[in-house]
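In this document, chain identifiers A, B and C correspond to the written order of the chains, with residue numbering beginning at 1 in each.
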């Protein structure tokens, strides 16, 4: 029995470069003039000064017709209605949960936009409010869809579909949201028995496929664990 | 080192006169040879595996919720536990209560040097070890967002002060009626070569801590605190240099020693309850007597009134 | 680390993984994450090292100063450890936030290095009873991604291995004062003997089993962890031919401590110490090999400094 230990020296470091042979797109840095002409529209990551369009973030240019945007490499998630996101519950508040979704502001999940047990058509009673922590606790992970975007940019989520809701056992992986493209389907079941949820916000959830069975099998363990930590 | 401006500090470069005495600069071998006499007994007449007799009582400090005094011959420790209070300067809610421990040496407690008023490294380390030992035994979920303060004052230090502090704190917590899973007891031992000194004195600890550079013998001090009913180790600290075999042996010895202390603790706690009952009974009796006397007087007055 | 939030099911997932000896990042219970080491990174220190263990980043610098030995230990030098948790690592360390953690780590190091079997303080003696070297070992925590203790102890040993102490040419007694003459040549110096220096191994109890090198997520699943300091084997720090002539040494425990609010059963405790011994031996071997390679580059003047550039 012996563990695997590897210590590499700094001089043995290998720096991988992904775009070694194909050409790199042009990078813009803040303050750099993108264009001096007036025929373009100002998009995200740009500003107008002295009749010219300048970049305000470091990144690559994206042009849609006349609209110029600069997309930074590292950015927080900017949500759009209909996006699938994975988030973590931070706080239980009055009639709503605060959810961390890697966007600039914390997102909101209203009590009215979750499916409660016992059918869709049901009035939210005072008991439901008191049961909120039973349903979703601080630290719990959920998958959800963006329902609407508030004027300040914060997101309102909903889980009104069977595919959304609380996530059980698995691993969360965080990547930059700019690496994830919007697709029709963000829920994938791989042939190897793994199910993956690729959130638009850069949070990826990887879990075994037979999740529900696993939870039932291990209910006792989970309860025991919760008892210990109570 | 932050200086304590509230007190008048002595000149910084003063040293104890003892460092100029022959006793202080004695070589290692001489110190080692002094520990045992020709019969294999220690300086205070104990056998190697014999712990010092313990004296302990509770209710030392009347203003504290619970307090205790523990004495192992020349190691004397006072502990007081105060009511749970809200955790100061905290903005987050904590599900479990916290235990705040502070261990303080009296300035005159140590044989080698005077202790400064500001907490030094050793005191801080002892406080951390004490908290580590107490946390598993206190039912902390009953005090969400609260903190229990445990203060230890070491009046005199003659070895095994951490063990004494843990014992005192366990007793004081029980006296303060803080809910606990188990009685916590603690004991320490010093290892020098193949000899194991149970419940070492300061002189023995001093020899065990240092060792000759070129020799390869085991040496060191081990302190363990044990929850005897749950059979769990709540804290284990070791310094020095020992092989695994020596550590396992030390663990077994300490386990037995810790369990030996439990009946004493139980007796102290039971005696406390009995004592309290007796006191209350006495008070009740006295109250009854007074009432009877009063009633008698009333009767007398009534008779006087009716007669008059 | 307290800043980390995990749901109870995620914790169960981790616990089950540990039970099956298969962790979230593909390691088994006794594997370490990959490390990167560079020594001699700080030009103004006598010895320095930077160790990166996955997301944990440690920078260690050793400064040498001259001091007067303690009267009861006239022939020994002094070591002093100081850990600084920089607020760069996490905002929690801001102000006095990291003080407790820093104290506990420096305290553990002090205890681990206390025994002469772990580090021989005699090599720091200049003139018995009058002058000795004092080493200030300053440890900066630049990033923390779990398992600070192990990373710090590796960094410290590497930095001490890299430490050069100038040769003292002559010591003169001028009345009551000591007059030292140091060599002017900066290359005229000696390396310290730290081959037996202890490494700390954290054994994190998750479920019923113990794992080494816990990640921050795994740390938040466990209520108690054990820190064991094990002395090093000098054989790993010399070339293979030299090692043949060296006597076998028995590894010893120079420090044991517990962290976290939980308690352990005696049986688990014993197993954990044995597991720690095995892990420490592997670590020590890997560290020795890396340091030897580094020194070879150093002496052949081929070494470039890489520092913090990636």
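Quick note on the criterion: a residue touches a chain if its C-beta (ideal position, glycine included) is under 8 Å from a C-beta of that chain, and two chains touch if they have at least 3 such contacts.
Please read all numbers here as calculations on a predicted model, not as lab measurements.
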| item | value |
| --- | --- |
| Chain of greatest Cα-centre distance to chain A | B |
| Chain with minimal offset from the mean of all protein Cα atoms | C |
| Chain A and chain C: spacing of chain centres that average the CA atoms, whole Å | 38 |
| Computed distance of Cα centres, chain B from chain A, in Å | 52 |
| Centre-of-Cα separation between chain C and chain B, whole angstrom | 32 |
| Interface hub residues of chain A, defined as touching at least two other chains | 229 |
| List of chain B residues in touch with chain C within their complex | 19, 24-25, 96, 121, 124-125, 128-129, 132, 135-137, 140, 209-213, 216, 218-220, 222, 227, 230-244, 247-248, 251, 255 |
| Parts of chain C lying in touch with chain A, wherever the complex brings them together | 5-13, 15-16, 24, 27-28, 30-32, 34-38, 50, 154, 212, 223, 278-279, 281-283, 285-287, 289-290, 293-294, 297, 303-304, 306-307, 310 |
| Footprint of chain C on chain A - complex, ascending | 1-11, 13, 15, 88, 90, 137-141, 167-172, 215, 218, 221-222, 225-226, 228-229 |
| Complex contacts: residues of chain C adjacent to chain B | 71-74, 100, 103-104, 107, 110-111, 114-118, 120-122, 224, 226, 231, 249-266, 269-270, 273-274, 277 |
